[in-house]
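For reference, the structure I am asking about is given below.
Naming follows writing order (A, B, C, D and E), and every chain is counted from residue 1.
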Amino acid sequence: MNGSVLVVGGGVAGIQAALDLAEQGIEVFLVEKAPSIGGKMAYLDKTFPTLDCASCILAPKMAAVLRYPNIKLLMNSEVEDVTGRAGNFVVRVLKRPTYVDWTKCNGCGICTQKCPVKNVPDDYNLGLSNRRAIYIMFPQAVPKKAVIDARYCMRLNPPEKAKKEGKTLCGVCERHCPTKAIEYEQKSEVIELKVAAIIVATGMELYNAKNIPEYGYGVYQNLYTNLEFERLVSATGPSGGEILRRSDGKHPKKIAWIQCVGSRDVRFNHYCSAYCCMAATKQAILAKEHLPEVQCTVYYMDIRAFGKGFNEFLERAKREFGVRYIRGKVVRIEELADTKNLRVVYEDTAESYLRVEEYDMVVLSVAITPNSRLPLPVELTSDGFVKLKDPYLDPVSTTVEGIFVVGAVAGAKDIPDSVTEASAAAARAALIAKRSMAREVRVLANGGVLNG
Amino acid sequence: MVASSILFANPKIAEEIIKMGGKSLLECYQCGSCTAVCPITESIDVSFRRAIRYTQIGLNEKILGDITPWTCNLHGDCTDSCPRGASPSEVLAAIRRYQSGFFDPFGVSRWWNKTKLFEKLILYFVVFVISLSFYYFYYWNSLTGYISTEFFAVKDLSYPIAFSALFASLILFLSAKRAYRAFGGGKEYKVGFLSSIIKLTKFFIEVEKDALKVPEKRDRIIEHVFILLGLGFYTLILLFYLFSPSYFFIYPYGMILKFLGYFAAISLLYGFSSPLMKRLFARQKTHWYYKKFTHSTDWMSLIAFFPVALLYLAILILNDISYYYFSYILYIVVLSLIVPILLLEVPFGKHNHWLYKVLAYYIAARKGFFKEG
Amino acid sequence: MADFEPKIIVFACNWCTYAAIDLAGTSRLSYPPNVRVIRVMCSGRVDPQFVLEAFADGADGVIVAGCHPPADCHYIEGNYKAYRRFELLKRILESFGIEKERFRLEWISAAEASKWVQVVNEMVSDLRRIGALKPKLEVD
Amino acid sequence: MAEKPKIAWYWCASCGGCEESLVDLAERLLTLFETVEIVFCPVAMDFKKEDVEKLPDNSIAVTFINGGIRLKEHEEMVKLLRRKSKIVVAYGACSAWGGIPGLANLYTLDEILERKYLEVPTIDNPKEFLPAKKTVVSIPEVNMKFELELTEPLPVLRPLDKVVDVDYYIPGCPPTPDVFWNALQTLLGNNLPPRGAVLGALWKSLCDECPLNETKPEKLLVKEFRRVDRTTPEPNKCLLAQGFICMGPVTRGGCKALCIKSNMPCTGCFGILEGVVDYGGKAISYIGSILDYSPMQEEEIRKAYDKIPDWVGVIYRYTLPASKLRHKVGLEFPKLIKEMVEL
Amino acid sequence: MDEVRIGVYVCHCGFNIAGVVDVKKVAEYAKTLPGVVVARDYVFMCSEPGQDLIKEDIKNQNLNRVVVASCSPALHEITFRTAISEAGLNKYLLEMANIREHCSWVHHEKEKATEKAMEIVRMAVAKARYLEPLEELEVEAKKSVLVLGGGVAGIRAALELANYGFDVYIVEKSPTIGGKAALIGYIDPKTKGAEVVSKMVEKIRDCPKIQVFTSAELVQLTGSAGNYVAKLRLNPRFVNSRCTRCGECEEVCPIEVSNEYNFGLDKRKAIFIPFKNAYPPYYAIDYRVCVKCGECEKVCRYKAINLKEEAKIVELRVGAVIIATGYDPYRPFKGEYGYGLSPNVITLFQLERLLDPESPTKGELIVGNKVPKSLAFIQCVGSRGTTLGAKSYCSRMCCTTAINSAIKIKEKYPEMNVYIIYKDIMTYGSDESLYEEAGKKLINFIKFEEKIPKVTISPEGLFIDVFEYTIQQEIRIPVEAIVLSIGMLPPRDIEELIAVTRVSCGGEGFVREAHLKLAPVEAPTKGIFLAGCITGPKNILESIRMGSAAAAKAMSLLSKGKITIEPMIAQVDEERCSGCGICVAVCPYSAISIKSVNGDRIAKVEKALCMGCGTCNASCPSGAMQHLGFKDVQLLAQTVAALRGESYG
């Protein structure tokens, strides 16, 4: 039945698109490479400018996904390749093994307490804390199922000595699992789907700040990216919302945010990532709420407060929360050996004076890079975003007919825009799905084929 | 330091700076990376961004009195780290050319900095021909007599050189006085003479030490050292020839002089040829410094000195193999090559920057721009 | 008497005032906790009986709040009726000797979070000045 | 012959109108006397309190008490009668909901006494004499000296059911003879209605039985309120629609719209409907609703409301003591009543 | 009624509630309330596991009422209603206790906030005891949509809806569709505004499903989602399709007014063609200024003019309304940066017109009758609280448009000095490449911060005094022309829009969406959608995208042909109703009428028309009329619970 639609990427845009499609009774395959949907928004604690909590917006949408039988979730999987044309695409999806039979697993979490391997860096908390080899991605994950991390599991990836002697180790989780859902022999499989349209919603990743050696990301201890800081300040974060320094676990007294890390820079990315000025302001306010006597400073060149309610949010940060905004680009960060504090070197362009200031903690507002390296025949722009066929006459279609693109992978944007686009793309995809179901793919009288 | 008086913005200045080689002047969006990343600003309290800003807007009063462009030591870190891909070091060089345009009394260097390379070469060639013909008509018949002796009675060959050297030093002196006044020399001195000299030397040693660690910078420093040594010894020898009593050409001193001569020639030759070659045959691998610093004055200063170095070496060799006649002719050519250098290149060309740089550092030190510790 | 904690009942219309109270929350404005909010779909739904019931049960102050006339009301003229009813109720309360600070009819639009906070602050300070209503009603 | 059921009447803060309605039974009084035995009816005969005390507990079949509880004496008598009788009926609007005397709850007793004995134009009281607990009256001509005792007045007038448990209510001011007669038959009959019922009143409001109900316009809106004493209403057109304050919609039916038939708007003597929590509050609600001005026309609304000088009196005419607030704020025991006064 | 069994669920909402309110204590307290059978607390009630808690309890403890103490009902009432209906409980047996926005976010003393939270829960439980199961009503939905506003957002929405097979009516106030985008010279260096609009207009022309009403206004909107009745007033155009645009009538027309299609740059006659590829593609007479002298009628060879046309009222039945009435450019007051005092000070929109090849100056930048040698843009005019009358928000598109035009000017007049005097350059996303290109095109950026620039007009020319932030120096820039980058304001007639469509405005005067993130294209009222700049400043790309999204949402609402209406409507208790008729006059939607039922006059509520405001309940003298979900007994129970703490009645 090729009246269905493939949504690649389970972030807020992908979820919204899937919901809108399912609402009209169309079958949706939602492919997500992580074990749970939610995408980057699941990492957030609060969203700007209204400061309402991110999971209050995302969690109900994720819960709604389970409510529609015609949404098929393909977790832990990636699109291998796509052939065919609008109306009947053939998509091969590689489903990586989770080593747990998800039909049986009810997400009770007993295995995650019993597993002996305790030191696996938890990528949901971006490595700030540890988890077990068998884990549920985060408490509100959808689907709330366990996954075994083959790299660390002693059974699936035994240390050299044991492998030579052919001994099978551990098996603790299998013993404790009440529903016998553990399947060590599970293999990855390739699923073939016939779909009428594809919506690309693979979203974005943070640019690798290690590419900027002068900042010393990955070397200095009290240096975080803004996503890591978001985890720190979130209630479900590694420290339960306490902002603690990695070096000595104390509360910081002075925090700095450095803007345009990897953005607006010919050496890394020309584009501006649009979200980070407001995200930094929000995090400064959250820091002030958690630690009333902390002093927050944001180093910027142009504060991009362009959206609805953004400018008032910025003024409020300055007025009510005393956040300092200094216009100057930080070029270098040095770590003090003893206190592990960080000294930032910049020119305060207001006073034209080279300044060096010491901070307990520094947060880098890192640029975004689109997840656009996909096996799809769509064209990309010079910056690596997925190219729109005609932004004015057909705002959500890619250069390939029948494939639509939404969210951050098409351009730097924030949550409301992504959600808006998702609805638009869902409707367009639904159109093709309905038509191809009714087998009457014909050219319209006025030459406008499918995309109107 | 908020100036109360209102200053007029003059867009012409920005155009001039761009003509003088600061192509990427207006690409900068004032982020301050150049100031922050420059090793100089760690010890001197200056803002290169602000110096560039003045020229972007075109505030003449601010630009002329600004010492900052002169404290630049051409490390190039700013151009490496500029987020906009502009090259602040190139712009600063252009600002220096613009400023020097106001220092020399007749404003010739302003014209000189704006002309194209071939115009410079033509003017240069004209002066060269004049000085050559001067030698030819003035000296040639009296010279034939001397050829036979093993050495040259150089004293009276020196008049054109002496005259142009005098002229150059006069111009340089006047420009230095105007620069000194422009930089606000003598006013608000906070640091004593001696301690600023000590501070300056410590600063230079330290800055150069760091620069040596970086390969590209090391090449440029070596080239500059060779040029300095070469020019130093060359002028010494020239003076020697001009004013020393003739006995110096006998055994022990002659040998030292010759050896010094060779050393000067070779170092001059290397000093000028290596940057020239790098610029001529700039490849992908060549450091941006050689690819970007290609203003006509850069070329001119190299093109002017390169033949001098070459011919000087040829003269020494010819002397050794006692082809005095040829060496003598070459000697005349070298001298007439030096005349345009002295008349044009030194007072108005790129090399007068050394004078203003030293002045600027000195005044900066005296004014207390050097940070303690 | 500064330490007296007045009890205030608020009837808030869902489209304007309730949204303003929510906005006061999202903007993290702070105001005294003496108010108890009852959500109705329109200020026209609030019956003067409820106000009298509230006073009889020990409320020290009652606020009825809706959308700005003439055009903000989501149901076109709900606030018109509210205005006319409570204009009459104010006279009745006056005859009962209940101070006029105890009852307020306010127009608070969805964006006026600060006005909501100001109304609550004013009401609490007024009521602290004139004291509780309950003891004045007990007589036999 | 079976024992005749004993009936008792008593009147508290009453105007005597309810007794009138008893007398108005005219001939039916005869059949009444045959069927019941009247054991206590102070208005008709000189019964004394002891007569009631003598009777054994709840030996009286039905006691009809009218008038609100104003004095301490009323309170005692009513409690006594409650003890003595099986069924106590709040007879008439005053005892059921406080009635017109209940409007006194808007003033303190001192204000009332001053108004009554000093300020009223018809009074001639040079010595500013006010009633006291004990008054000694001496008439020199017959050199006799009398001592009068007055019982202590209570600051608030309360309806009967706020003092004792009331079984049934009979509405009306006064209840019409038919209403009383029918109520009496049902009470003496054996299938008694549920306790607390208002006998003779409808479950719906007066409009249901009002002849003018059909004459209402499709959209009932008024621009101004009119007063009966100023303009005479047009015949057979709904009085409320003409702008007269008619309490019909919020009052129980059952009185067959006597007042409306005599071209007078209903004043609400048949009492509070089941679904109404506060009679006056409900009245304000619908009166406010039908006034046809927008809040922008504040002036016109104020002028329209100023037409009626005493709103509380109009909307709480019979039901003030039974309302939620019951009385004005700050009533307390009278200070003006002294121990002894010489006349 | 069966025995009441209530489940109370207290949400931590991460730190938002648990940070201030002692949620455990509130849950314990809730257990003690009469009727409460189970009380739990969880970190995120709205998440999947949170909702499972409720569903399990409903099944195992057969609860028949649920109280959720968490955030505002505006956020998650729908979420929890759907959750309990999945567990088999009628979805209206739910009551939300708002202990976040109304308690933990606004009170900071822990004990007082916890005590208040407990009382809010007590009130919710008190009302919950009186909740009754309600059934949703199904109503037929018309598959047609009214698009208010003919700008790019409206056109895009119309095209999308036509694609889904819906009938679309575009209502545009001015004589042509295309809106402001048609007047913008260049949207980005390569695309001209007029081209994009003309392509869209072509599609509109060829699509049978779309009907365009120009010079039309929506005067009345009644009914509810799925069955709106829209009353339009079609103002007379006086010119019909026989017009061949020969233009002779234009010459003879005596009336001249300022041409709003060139933002006042030049004049136009009463009879005019807005711009080259206007649609409908023929002349129109401006009914507001035409004095009906009849000259044009006489001279028209094609009998295309008929001055006797009258305004007509048209009634349309539509299923949904998409509001896309766009914005108005900010009007600088006289003297703001010298505006109105010197011909050389123009606004950004006027500049766009000048650069457009079809403009009066054929694309030549002639300001004050000459091509200026130097020109300065001043940014944030009317936005970000810079000048006196300025709004507090950033208008988002003026920086990109200004830089776009500056680049266009530099390409056409390389030797002209162009300054952009800015506070913060807002070229977000991939527009940053424009900012880079501006640098390469030698455009000079001057930054100010608190102290705004001052314009002095003197005989020698214009001077702008700016306190340049990066050198902390007052500089004076002599220029020959100044362009004010004006921001966006809500449209002038937004008051009428609100009066007719019952939408509400946010703080900045733009229309408020139901929720900025959950429902960015929907108005709080069901069936009304928003697109384009009516909800706030946007650039053309975002407006168009929002148009598609609004169309998508309208399609998903109407595609099933039926709409469920919330059952919170008025209901009459026929035993109590005496037919007094007071409620009939009170109902704003005239949904109540008096019927005679076996002799008695009884009020009757028309279910489909009743919008559920509850005014009739308050005005019903006998309490016969009850507003379901907000009955007297339910509200009184809440009042009593708040004050006396006992159960009511």
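Note that in this section a residue touches a chain if its C-beta (ideal position, glycine included) is under 8 Å from a C-beta of that chain, and two chains touch if they have at least 3 such contacts.
Every value quoted in this text rests on a predicted model; they were computed, and no experiment measured them.
Student: Can you list every chain that touches subunit B and also touches subunit D?
Tutor: Touches both subunit B and subunit D: E.
Student: So which chain ends up in the middle if you average the CA atoms?
Tutor: E
Student: Would you mind telling me which chain pair, A-E or A-B, is linked by more contacting C-beta pairs?
Tutor: The comparison resolves to A-E.
Student: On a CA-centroid basis, which chain has its centre farthest from subunit B's?
Tutor: Most distant chain from subunit B: D.
Student: Taking each chain's centre as the mean of its Cα atoms, which chain lies farthest from subunit A?
Tutor: D
Student: Any idea how many Å lie between the Cα centroids of subunit C and subunit E?
Tutor: Comparing mean C-alpha positions, subunit E is 29 Å from subunit C.
Student: Taking the mean of the CA coordinates per chain, how far is subunit B from subunit E in Å?
Tutor: Averaging C-alpha atoms per chain gives centres 66 Å apart.
Student: Report the inter-centroid distance (CA atoms only) between subunit D and subunit E in whole Å.
Tutor: About 58 Å, centre to centre.
Student: Please work out the Cα centroid separation of subunit B and subunit C, and write it as a whole number of Å.
Tutor: 83
Student: Which positions in subunit C are in touch with at least two other chains?
Tutor: In subunit C, the residues touching two or more other chains are 26, 28, 47, 49-50, 53, 77, 81, 85.
Student: Residues of subunit D that contact two or more other chains, please.
Tutor: Answer for subunit D, listing residues that touch two or more other chains: 276-277, 282, 285, 288-289.
Student: Enumerate the residues of subunit B that touch no fewer than two other chains.
Tutor: Subunit B, residues with two or more chain partners: 29-30, 49-50, 84.
Student: Applying that definition of touch, give me each pair of chains that meets it.
Tutor: Every pair of chains in contact is listed here: A-B, A-C, A-E, B-E, C-D, C-E, D-E.
Student: Residue numbers of subunit B touching subunit A in their complex, please.
Tutor: Against subunit A, the touching part of subunit B is residues 29-33, 35-37, 41-42, 45, 47, 49-50, 81, 83-85.
Student: Would you mind writing out the residues of subunit C in touch with subunit E in their complex?
Tutor: Those residues of subunit C that touch subunit E are 7, 9, 11, 15-16, 18-19, 21-22, 24-26, 28-33, 36-42, 44-47, 49-50, 53-54, 57-59, 67, 71-72, 74-78, 81, 85, 109-111.
Student: Can you list the residues on subunit A that touch subunit E in the complex?
Tutor: 20, 23-24, 45, 47, 50, 52-53, 55-57, 59-60, 62-64, 66-67, 107, 139-140, 142, 144, 234-236, 241, 263-264, 266, 270-274, 302-312, 315, 327, 349-352, 381, 383, 385, 391-393, 395-396, 411-413, 415-417, 419-421, 423-424, 426-428, 431, 446, 448, 452
Student: Touching subunit A in the complex: which residues of subunit C?
Tutor: Its residues touching subunit A are 26-28.
Student: Across the complex, what residues on subunit A touch subunit B?
Tutor: 214, 260, 264-267, 301-302, 327-332, 345-349, 352-354
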